[in-house]
Amino acid sequence: MARTLTLSFSCPDASGIVAEVSTFIANHKGWITEASQHTEHELSRFFMRVEIKAESLDFPAADFSQHFSPIAKKFSMDWKLSDSAKPKRVVILCSKQEHCLYDLLARHVAQDFPFVIPCVISNHEDHRKIVEAHGLPFHFIPVTDENKSEAYRKMDAIFVKEKADLIVLARYMQVLDAELCHKFAGKILNIHHSFLPSFAGAKPYHQAHKKGVKLIGATCHFVTAELDEGPIVEQDVIRVDHSESPEDMAHLGKDIEKIVLARGLRAVVEDRVLPAGHKTVVFR
Amino acid sequence: MARTLTLSFSCPDASGIVAEVSTFIANHKGWITEASQHTEHELSRFFMRVEIKAESLDFPAADFSQHFSPIAKKFSMDWKLSDSAKPKRVVILCSKQEHCLYDLLARHVAQDFPFVIPCVISNHEDHRKIVEAHGLPFHFIPVTDENKSEAYRKMDAIFVKEKADLIVLARYMQVLDAELCHKFAGKILNIHHSFLPSFAGAKPYHQAHKKGVKLIGATCHFVTAELDEGPIVEQDVIRVDHSESPEDMAHLGKDIEKIVLARGLRAVVEDRVLPAGHKTVVFR
Amino acid sequence: MARTLTLSFSCPDASGIVAEVSTFIANHKGWITEASQHTEHELSRFFMRVEIKAESLDFPAADFSQHFSPIAKKFSMDWKLSDSAKPKRVVILCSKQEHCLYDLLARHVAQDFPFVIPCVISNHEDHRKIVEAHGLPFHFIPVTDENKSEAYRKMDAIFVKEKADLIVLARYMQVLDAELCHKFAGKILNIHHSFLPSFAGAKPYHQAHKKGVKLIGATCHFVTAELDEGPIVEQDVIRVDHSESPEDMAHLGKDIEKIVLARGLRAVVEDRVLPAGHKTVVFR
Amino acid sequence: MARTLTLSFSCPDASGIVAEVSTFIANHKGWITEASQHTEHELSRFFMRVEIKAESLDFPAADFSQHFSPIAKKFSMDWKLSDSAKPKRVVILCSKQEHCLYDLLARHVAQDFPFVIPCVISNHEDHRKIVEAHGLPFHFIPVTDENKSEAYRKMDAIFVKEKADLIVLARYMQVLDAELCHKFAGKILNIHHSFLPSFAGAKPYHQAHKKGVKLIGATCHFVTAELDEGPIVEQDVIRVDHSESPEDMAHLGKDIEKIVLARGLRAVVEDRVLPAGHKTVVFR
């Protein structure tokens, strides 16, 4: 894979943004491999994502910001540049369930999309062996009612030390405290085992079973201080019927939980996800 | 299609029900073409549906009830026998939107599943021509705040006169009153344009858009006096993204609304749907 | 809906195309409501589609071509401009089956996407009434082994007279002759009742049943002189199992046939489909 | 999970089979937890699967065969009894790709369905560590043009020694020889990375890309001596478009490959899959 720079931004909607950005890139010989744009009318805001072959530009990748700054300033862009040479650092938090962790480890091994796992944190020892077999550090941080705050401060220190770009709750069964949610806002991804906004909170499969729905779902969303209320990144569903117990649903649901989490993570890692108020723009 | 009898029942769970029912059928030379069963553990209740070739039995179809009654009594069955020679009578209520109506008319023409449309009722004149082109009576019954009760009594009279087995709200935009809901309990099917329990009530696509969900859905359910709360029969979803406005969603959603309604109706018409408390058992 | 101009083109891949096109539009005050692009590497060819609010431009819509021509020439574009004020004219050919016809008529009534039906042609009289109830001309053109060529010449004349932009085979069971295929190349859409390339030709549901596949599909494709080999526009599938006979599959399959055809037609009508060799680029 | 016995059989279609089987079970106090049946008309053959709580019977599980034999004989059944206390032994063969292996290991750890992995065999050393971290034996058996036959005889010996009930080719890139295929007929499951019968053989994603299909698929099937022609057990698809290269498809396809393989394996392990000529009956 050739080295790419990914420019993503949003800004107040205006005329001529695409023209100016694409002319800038063309003038510097940039080879665009992918481009997407969107206007969010409720917010009068424009969103764009452009992937450029790094070596095509007539200046070093490191100088992109300096060259692009005037345009960013002119349109009051909230912008970001990612360099494929510096893959995102994704800390994984897991609990006793194995499916999302194994799924992410497999993708990491294959580098299905470019990300680094600096470490895995869990409140249980169950998955130490498998994590360490990949040469990855495993931190056991038990969380109880008594030590909660202390435990979260330990995690906080690890996130900072490991320079985490993202924190993934891979069916981590604890609710992070408000301090963590705020400090790492926009950086924490969760997988919830229902099709939100239905069945937020505890035991969603039991709620789904009680209601008698004919499909069950999973939702990957950013974590905010309000439980299961953060911006949705990705969702999917599978069919169930009257014969499935809540336990059957929990088994079947694992298949979409891990796939939806991975698709959400991939989109975020590839800078395809731009915040848009309490929603997200997700460029394919 | 050969004439079939469909026996469907539920009863308190017990040992030997299948044995007794299947032995009864076998003893009378009955040829079973399809059979399904289910135990709802929360209710300790057993559900079964059997399709039998009418001409295989050693007694006339009309005598089935008499022969089967002792078994039904023994197990305290809530049971029903349907005869494919007497297709269900389905009154359709529609409003200005056309997609569900056209879809049902097409299925009626093709007899994709066996049902009769005795008439169509609407609070708008828009679709009179197309309905009458099929040789079906079209009743225009406007519904206003003032005449509501009177209008519903008119419909009630039509349902009774037409011996309606089922009433289908094919995107009929009015909320039926409690009297109708009670009188025709278990006989009125609605299509709601969301994946219930999310986005009940008015303007579900606007609600979905506001929440930023990545899939939108449709739900076919029985109508009860509580709005959008009746037992769910069938559901499905389609993918949307940030680029779709509520109006786009409303356009796209039509495709699943009509399909989900038709699948739900078909299942009910074929006696595949058995009530199970506030849920349904739907045999494939 | 505001009037829009849709520019779509493909051309040999080169640097600066987006910049030049978007700068042209920006310089003329054009308000872009949607834009998509793609490079087909095997062909070294670039594809783009841009939707512009007609009234935002500083010249009349009629003058677009004149202003844009120099750019089109510079990049050797194969280009097209569509004006939402002139909706596409879509002639429908149907046979005995009703589902695709009804589905398209419903969309026409609702103008779910902007298209005009100048007339419907069929080799059977079955659907005359429903078509005429919409105020649309219905042409009965029987096709037999003897009159085939004559019949197709009649249709040809109708296509020309009605200024057909598109011809839709809505489960029209006849194979058009090579002359029609060539004369209206890129303008004839078919729905085939299998997931191509599997089960081309006759009786695809029987083929699918014989093979024991667990999903059946439908494919919307452009018609070429080679049967079921034209460029694919849209496809979808539904689940089946061992219990479905070929006849059951044919019933179930109707639901995806009509939806896939409509989605394919909509994409073509909205100029989202660009030919790319024997494949298609379909911009969402 | 309570211990269950699963009786599955097929036999020439006849009247009274269900009655006799269910009466037998009822007479022995058996508690049926699930039952399914199907008639394959082309074969005039009846298929049935019944799950019974082992402790509900009035004889020991070990005596089931002895008691049931007369009925089996009477109807010329091809029958099988499985005991949940003796989970199936599944030998996994993998190559360099990781996704199916990790997925199966995760399900094994969680015992999502009851199976034992006696060992993993691979023609590459890549996954030794992860396999051994689970305490499972890993056999490295390289396969070259020269040693092929010898390598397959080694595997054969392992299958026999490990008393393998099933052999799963988890994206194992080698074609087993006819001897293995015959000896373990009906016991070898493969995952092919296309929606068969489309794109059998090598490089299916390249074939799919070349054809321009809008969905790509995966097929779990039994292995026979004819490549990719064995009875299909499970299939699924995902959406792609013009923007995906064959390599992108290969990445995306992994998600359905592993899910389809696991669903197929689960169905086989739970005795839901009965051979029916060159097809399968798969009871939900």
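Read from first to last, the chains carry the letters A, B, C and D; within each, the first residue is number 1.
Heads up, the rule we're going with is that a contact is a pair of C-beta atoms (placed from the backbone, for glycine too) under 8 Å apart; a residue touches a chain by one contact, two chains touch by 3 or more.
Given the structure is predicted, the values throughout are model-derived calculations rather than measurements.
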Can you list every chain that touches chain A and also touches chain D? B, C
Validating interface symmetry: for the copies chain A and chain B, is the fraction of residue numbers used by both over half? Same or different. same
Need the most distant chain from chain D, centre defined as the mean of C-alpha atoms. C
Taking each chain's centre as the mean of its CA atoms, how far is chain A from chain C in angstrom? 37
Based only on mean CA positions, could you tell me how far chain A sits from chain B in angstrom? 41
Scan chain C for residues touching two or more other chains and write them down. 243, 284
For the chain A and chain B complex, residues of the former touching the latter: 38, 40-41, 195-199, 211-215, 217, 231-237, 241-243, 245, 276, 278-282, 284
Show me the residue ranges of chain D that touch chain B in the complex, using the header's touch definition. 15-16, 18-20, 22-23, 25-27, 29, 31-33, 35, 37, 39, 284
Contact residues on chain D for chain A in the complex? 34, 97-99, 101-103, 105-106, 109-110, 112-113, 129-130, 132-134, 243, 251, 254-255, 259, 262, 284
